[in-house]
Amino acid sequence: MTKRYPSQPRHLSALDLDIPPRSKLEPDLRKYFEVCDERLGFLPNVLAAYSFDPVKLRAFIGMYNELMLAESGLSKLEREMIAVVVSSANRCYYCQVAHGQAVRELSGDPALGELLVMNYRAAKLPKRQRAMLDFAHRMTVSPDEVGDADRAKLRKAGFGDRDIWDIAAVASFFNMTNRFATAIDMMPNPEYHAADR
Amino acid sequence: MTKRYPSQPRHLSALDLDIPPRSKLEPDLRKYFEVCDERLGFLPNVLAAYSFDPVKLRAFIGMYNELMLAESGLSKLEREMIAVVVSSANRCYYCQVAHGQAVRELSGDPALGELLVMNYRAAKLPKRQRAMLDFAHRMTVSPDEVGDADRAKLRKAGFGDRDIWDIAAVASFFNMTNRFATAIDMMPNPEYHAADR
Amino acid sequence: MTKRYPSQPRHLSALDLDIPPRSKLEPDLRKYFEVCDERLGFLPNVLAAYSFDPVKLRAFIGMYNELMLAESGLSKLEREMIAVVVSSANRCYYCQVAHGQAVRELSGDPALGELLVMNYRAAKLPKRQRAMLDFAHRMTVSPDEVGDADRAKLRKAGFGDRDIWDIAAVASFFNMTNRFATAIDMMPNPEYHAADR
Amino acid sequence: MTKRYPSQPRHLSALDLDIPPRSKLEPDLRKYFEVCDERLGFLPNVLAAYSFDPVKLRAFIGMYNELMLAESGLSKLEREMIAVVVSSANRCYYCQVAHGQAVRELSGDPALGELLVMNYRAAKLPKRQRAMLDFAHRMTVSPDEVGDADRAKLRKAGFGDRDIWDIAAVASFFNMTNRFATAIDMMPNPEYHAADR
Amino acid sequence: MTKRYPSQPRHLSALDLDIPPRSKLEPDLRKYFEVCDERLGFLPNVLAAYSFDPVKLRAFIGMYNELMLAESGLSKLEREMIAVVVSSANRCYYCQVAHGQAVRELSGDPALGELLVMNYRAAKLPKRQRAMLDFAHRMTVSPDEVGDADRAKLRKAGFGDRDIWDIAAVASFFNMTNRFATAIDMMPNPEYHAADR
Amino acid sequence: MTKRYPSQPRHLSALDLDIPPRSKLEPDLRKYFEVCDERLGFLPNVLAAYSFDPVKLRAFIGMYNELMLAESGLSKLEREMIAVVVSSANRCYYCQVAHGQAVRELSGDPALGELLVMNYRAAKLPKRQRAMLDFAHRMTVSPDEVGDADRAKLRKAGFGDRDIWDIAAVASFFNMTNRFATAIDMMPNPEYHAADR
């Protein structure tokens, strides 16, 4: 696989940490990794990278699953769309690759993955989703300027206060992961590149 | 208390969510809040705000404690210093108030809290801490430009790869909380203002 | 085809111009379009968009071919790499799609197309190409700051003055086309999306 | 005193200038400094720094007093609020410390000092003051974009042309002093830190 | 002439290319240069710089003339006004000097040349021209944000779709030439400086 | 005169203030205005604009003359050069026109006036002056980042601490006047435009 992508660095990250073999992980984590294998066909590199410390790994998994998979007024696709727009604004390679694939898969529209990576303003979107992405983008590039007027636009687009919490929470989360992945030069699994084109 | 700070909005946040009385929380959370009362003298507003959903609250507490309180090559003060510098770059009112107080308390130097809020470059700091803050600041304002040269500066200042993970993780975390707190206009507890001056 | 990409606007551009059928074009242009059909399998939308005015179309073709296809110290792939990095900095949807495909095709490395669209700094590249892309990026985002020090870096990376002309010319050209395509909302041919993944 | 604030550099400024003892100053300046001692309890460091040249010192005092203390449609507190918002945008340590204290003292609201230092948009303010601070902030960060529309907003908020002069003059003045203080690394008197909390 | 302008570098550009004497140029180009001599009194340096390669030179001339001199809903002065505003935003010395002179000549108003170089927002202009320049400026500094709302402002100011093409094309063209001229440090002919003051 | 410059607004400023006839001014100011008439051939509009309030006018004159005309390690031309570079960065029309003329007059090099207005980096300057302008520019656009490394560059270029004070003071002053002039839309005297070309 790696032969096909010579321009992508081969490391998991730029840091030399003591990552244990999966067989040495505690049972709950070993189990979780097996579920990933089954569902995705591979273990996302971010989980491998975190596996040097089970407490950190569990905290990350806990927050990730709660945000991206739990009940919400936002669909899973909408949460992935926010992930890509935020990651594009921050130009995080890992997250654009991984969540761009998720957008292609969940939407069945490969162009949507590219549009959100390249410039979400060029996409033909329902007003609700455009408002959601405008808010997430603004939180990312001008966090100090977000205020009542921005929340009012979300409400006008049909979002309730509980939804605003979720938009804000997802957009904030990827502002964390984007910076973290770039700061340690974490590389995405090569499986994402060709999937769902 | 609120009479003393008329310019600070009185709400917990701009969102109208159904926050239960503490007596209705599940036992582990009720216990956790009591520990906060004892240690700090009050319950941080961020925890009150999250308490409408126990799963989200536990995920947040889990990640926060792991990052800020667990074993690390960075002292607790150093982690709080990163928190303030990142929060200042993002101009998050809640986090500058709360973590500015933590810096004052842990350092015993009120000027350090103000320096990190106002312009960390003006502070007289050991080279190690200046390098750490330069990295955290750059991750915050130019996340797409962070690369090998930046990690090399941390290594030259004496940080190992495990420390770089922690610097990156703490700086990233506050890039999340800053955006979240501002996006929902979360207000800090008034107790922070006068403490440790 | 269009059914597969519902998020991409269906128009050629946002402007309503009187574009003639290809059969009405003058012979040299009709011939040129036929060559495109043969080589690419389709007519690039930018040429269709320009075809309302044969003089403008010929001027565009003339400059494009001279820059991208003529003899040069830069390979065709290198020129396409510059195109993508500049288009990414300017977030031009049309050019990132079209020239991202060209990079995938010419390099045989799909990840290179994604890396240059997402953040060229994350790519593993020969020093020569990194220097070339750094110069092109800087010309794009800080044109007023380019000076002797930047040209010296190109020379140190092995480029001669004739090469510097070409790097500057290609980077400049896409600063033109990026702005033009976005200003009129020109859409790329759907054929690019799945090609060479 | 200095022992309490180890992170604040101890110099008056980074420049080594020949500052005379107060006893050698000309009588009018010696008198002026005595008035400062009485009113404030100390001599502001900016005056000490300027005292190497009596002509410069008098010019500075003349302009400062005229702007901040003379009759105006703006209250003294409002002028200090502008000072802090401008100094925060420019991240001047000296001016944020000194004028943040003035805001705390004149308003009796310590949170107002922190809000204006940290992010004035989070403060609960009368519309008039918000308009005034928006104008001062915009003049600071986008001076080339200020125009009729901005002045119209001030007029709509109740300000007359004479008031607009004063808002513009005070905001401009701190754009001068902020840059000057940072350029020479001038340090504020330690007395400001704990006052009026 | 050069003695009068000691602060302007004397080279044609920073690149050492093999520029042939005019007598060695092919007849069509020699003829074109003679027309320049007659009309302007001198040969613009950009043409001299390009003359090392006749194909590049012809492509440049072809596009330039088509854009700036052909029939258009924009007057020649309006196209030059766009050139200066774009060149000012990009701070290109060559283009501001050369096209600033063109604005002075075509308008008969030397202040207009200076206003567009210094800050076009300060100029007293018909609404149509202000809308045109706002669009050109925005395309230059925020190309990724241009969208339907911007095109709607042009239409409201009286421009048709064919005019929007021309505004976009001229503004885009100078985003190319500005970057190219600065990247190779091309110097303008000294004759421009004093003309039409 | 005004007929020649139709694009320059005719007002003194956008504010309607009660400016007295010169004959009603107090004797010292009337005298000062007469000296201006003699030396320059006209009264600078900034002085006319300030003349509605003699205290403000005297404070402005006092600071201006002290900075620009008093003894200094910087020549008068050097101080005017700083004025133009700062005013260009802030895009202040009034100050670029007025101090651009001063640079042309004092240097005898009209191109220097244009270079500093358009992009000072393109000018051929002694290293000392380039260092001086780099510092003034950086203070203007990134005031929060100026530090020891910047002051060290000035010292390396031959400036003493007293000179650094003056560079900082002049650059700061024009950051004040630029913002003030633009905020009230003050217009320069038309006499500047054609002078010393």
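Just so it is clear, A, B, C, D, E and F label the chains in written order, and each chain counts residues from 1 on its own.
Keep in mind that, in the parts below, a residue touches a chain if its C-beta (ideal position, glycine included) is under 8 Å from a C-beta of that chain, and two chains touch if they have at least 3 such contacts.
Predicted model, so just to flag it, every value in this text is computed and none were measured.
How many degrees of rotation bring the Cα atoms of chain D onto the matching Cα atoms of chain E, given to the nearest 5?
120
Going through B-C, A-C or A-E one by one, find the pair whose contacts repeat those of E-F for over half of the pairs by residue number.
Answer for the repeat of E-F: A-C.
Once you find the CA centre of chain A and the CA centre of chain B, what distance in Å lies between them?
23
Whole-Å distance, chain A centre to chain F centre, using C-alpha means?
51
Which whole number of Å gives the spacing of the CA centres of chain B and chain D?
29
Which residue numbers or ranges of chain E touch two or more of the other chains?
91-92, 119, 144, 147, 182, 185
Give the pairs of chains that touch; include all such pairs.
Every pair of chains meeting the touch criterion: A-B, A-C, A-D, A-E, B-C, B-D, B-F, C-E, C-F, D-E, D-F, E-F.
Would you mind writing out the residues of chain A in touch with chain E in their complex?
119, 121
Which bits of chain B are touching chain D when the two form their complex?
Its residues touching chain D are 4-9, 88, 91-93, 96-97, 107, 109-112, 114-115, 117-119, 122-125, 182, 185, 190, 193-194, 197.
Under the touch definition given earlier, write down the residues of chain C that touch chain F in their complex.
144-145, 147
Taking the touch rule as given, give the residues of chain F at its contact with chain D in the complex, in rising order.
14-17, 55-56, 58-60, 62-63, 66, 70, 90-92, 135, 139-140, 143-144, 146-148, 150-151, 161-162, 164-165, 168-169, 171-173, 175-180, 182-185
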